[in-house]
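Paired with subunit B in one complex and with subunit C in the other, subunit A is shared by the two complexes that follow.
This part shows the complex of A and B:
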């Protein structure tokens, strides 16, 4: 092999190792037999997974976060789907402005948005409820859902839908039979992405929900800031593995949502 | 006339279809932002409202404490953008050169950090950057013997570049992939070496993409909260962590709002520049 090619390959492999390093470390430390966190881990045990999975408070946090993320994803799908379909149609005068507004939550620092929510709630003396958290987080997840879905919709040849209508199918039927099957995939990927983003959201609950609600990211955040033990590594390892699976399922479609768009 | 009617009915159905999301964003997004903007020009905490004031902004721009923090945020943003470019370029370039399968693997690996839980990822970095972490050992005498690279500029920088790398790689890949391969071939045929060809053709044609990616990373970096909060801690304060502290711990909402507003202006400016730049580059429109 040529020397420059070898150097190039080594660089890429090192960079890939850099990308996975912090995640690999977390997974590895979860198996340590020591009562404290150490890397590289010593020994091999599944004890910490058992500790986590049999602890009702970890389970409650996991359930709370999953429910919250499901609620937020549902809202994102409900408001995002009709808008994504409407905005993908060509020649709509309003779509540029609306399109810009829709990506705004990605561009505006979420710390500013969350601070604003806190100020607004305090002005009307409103105590945040679990469902308001879901609504608040859905605003952050919706743009990603919509961009994934819109990328899928845009890849469909519009003449297919017109052809179906020319052949006598109603507008709804043409959409259901021609467009829908093709977009299901990007819909599911977008929803998965919205779920992951909602599940991980830390800033919103940090500003609005402490200390009553036990959410998984908040609990992990508190524990790594104040007292680390290997059970956090076990929880984190579970999250990483789940994310990896989801990424493999939807990598092709989510890539489009993460891709910067002008 | 029919065309006009169709266009109008289409416009109507667009409004109808986007009404739910516009309502959600209006109440749940625009109103909170308006609150921040309003509060940033008011003194006191809401109960002792004393009318319009620029006191917070004056305080931020003149007080040494805030001044240092602003500088720190900007420097961190720029350094993150630069490091992401240095690390991201070889990855994006490799993606244009390798086969489909290798490309998909690199893509998945690049996206993975962005999609894994922020707290979990930061936790991994805490282990690697801490006192006896591998990165701290790698840094040798540059690292603090007890805390390693934690609570330092270098530590926050590494963790930030890691998570924001996808934005850089995606932007660069879009631009690099559009460079006509025959240009490279022509350059080689005309006797240029591979290194010369890389710098004269590939690199110079992708320079716009590098700058665009850096703007995008900068915009994301200055507004990142969790990574500097956990890796930087109280010793390495940046604007977002200060906003949190002022708002939640100190209840100083006016200062928090003013800082958040400055943050938004910085993020929007670099995004705006990015958008303008990307439109002008071949391959940029696709990203």
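This part shows the complex of A and C:
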């Protein structure tokens, strides 16, 4: 094996280790029998999973966070899809500037954005509600959704839409029959990304959620700050597994969409 | 009866004239190729006919109907794209049946017509495959079937063979022409390959800088071009800058002090023009000039072997140069580079190009 190839592979392996190792540590820690976090885990127990799953407040937090993320993802899709389509069409005025503005929430420090939101919401007398929170978070999730969808839209051969219309399809029909199936994978992965970003957001709910809205990231944050035990590791392990499953499903869908049925 | 009529079509993008007052007519069942370099406006013309763009001026008629204002999805025009534009997530069968499905044709009939069309292009065995599982040539045949299944009055081809290899291209040309003759549709085929343009066409339309320079049968555009650009587009030729004059009704040209008689019959000529001589229309022989006088003597400065023939560049002391073709077995070739040769130019093989 050539030396540069070896070096390349070593880098890849090290990178994977670097990315995966912390996750593996968290998952392993969840099985410890000790009442505190320790690695390597001592003994082997499912106790912490039981603690988490039978605790109504953890379950409520999980459900609330999922609902919030779903709402935020929905908004991101509703706003982001037409925007992405418009921005990938040539000849839209100031499309560069608009594109930049849409990505801006990623660049602006989250805490500044939240502070701005607090001031703005109080100015227009918005009391914190689940939907105001979803709107606030969707602003952060939309750029991820849009960038992914736009990458998909840009990779589509523009003559496909024209070909469909040449065969008699209306613009809408051509879009539905030809463009949509081709972008559905980037749509799904964009939405998934938006969901994960929304689910995971801590700063915005920390400031804008009502104390009664139990949300998972906030709960984990509070626990780490005030009363840490291995149930946190168990929650994390569950999240990691669920995320992996989602990614695998979306990858399989992608494959099915591209490859033949038989 | 007219299959397609384009009248005064112009297309401007900002200050650029992409199409300038293009007018021509294609007879029903005729096969017209549109030849031009990239940027000549040939693809824009095709797009205007298909309705992808609405030209700034002019009208387009299909049969007896003015379709200038008809949206592209209501025009009875088939299109075969350069990159095939097959729908990647649909099978071959679904691709070909798409237009019929849009037209709400009954399922049984769709299946039947799709099969017939796929059999016609010898792709029935691949009906359940995806486009990505087919070769370029196979994809192009599917694209053709997809256009033909709707039986459009006019089928437009946008350089459909340009990404295929040379051998396959030659076969597909003949196949397409045979298919077009048997089905009788009107065809317009855009290409930048002059051999392709001439070998398929009833008539060749030559586009240059947004203008239609000439539309004629292949022999006429090749032998009797109206413009220098046409002569150059249709293969290698000598375009000798010359001063023409009329003598007894035929034209004689002065090429850098050398007089050549032509068979061009004209009453008036411009001050400056170009004498066009195709390399294969001259005869090269070793040695000095003959008595005829309509010839050119010089030394061979370059030989390019082409297979069936050889191209020779002949230059004389005055710096005049002529590109000539000689059969590969011609004795003159064995003399090699540097040999003095005489090129006989029959007056009937010189054509005068004004511009």
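The criterion applied here is as follows: the second predicted complex is superposed on the first by the 226 of 262 C-alpha atoms of A that agree within 3 Å, B and C clash if a C-alpha of one lies under 4 Å from a C-alpha of the other, contacts with A are read in each partner's own complex, and residues count from 1 in each chain.
One rule holds in what follows: a residue touches a chain if its C-beta (ideal position, glycine included) is under 8 Å from a C-beta of that chain, and two chains touch if they have at least 3 such contacts.
Nothing here was measured: the structure is a model prediction, and the numbers come from that model.
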Partner chain(s) touched by A:173 [first = subunit B, second = subunit C, both, neither]: second
Subunit B versus subunit C as contact partner of A:117, first or second or both or neither: first
Between subunit B and subunit C, more extensive residue contact with subunit A: B
Partner chain(s) touched by A:130 [first = subunit B, second = subunit C, both, neither]: neither
Which of subunit B and subunit C A:163 touches, first, second, both or neither: second
Partner chain(s) touched by A:182 [first = subunit B, second = subunit C, both, neither]: second
Partner chain in contact with A:82 - subunit B first, subunit C second, else both or neither: first
First, second, both or neither for A:236, with subunit B first and subunit C second: first
Common interface positions of subunit A, toward subunit B and toward subunit C: 258-262
Subunit C contact footprint on subunit A (complex, rising order): 157, 159-160, 162-171, 173-174, 177-178, 181-182, 257-262
Residues of subunit B that touch subunit A when the two form their complex: 7, 10-11, 13-18, 20-22, 24-25, 28-29, 31-36, 39, 46, 87, 90-91, 94, 104, 106-128, 133-134, 159, 162, 165-167, 170-171, 174, 194-195, 212, 216, 219, 222-223, 225-226, 230, 240, 243-244, 247-248, 253, 256-257, 260-261, 263-264, 267-268, 271, 274-275, 278-279, 284-285, 287
In the complex, subunit A residues that touch subunit B: 4, 8, 11-12, 15-16, 18-26, 29, 37, 39, 75, 78-80, 82-83, 85-87, 89, 91-95, 98, 101-102, 104-105, 107-120, 122-123, 135-136, 138-139, 142, 193, 196, 199-200, 202-203, 206-207, 217, 220-221, 224-225, 228, 232-233, 236, 239-240, 243-244, 246-248, 251-252, 254-255, 258-262
Interface residues, subunit C side, partner subunit A - complex: 50, 52, 72-74, 77-79, 81, 83, 85, 87-89, 91, 98-99, 102-103, 128-130, 132-133, 146, 150
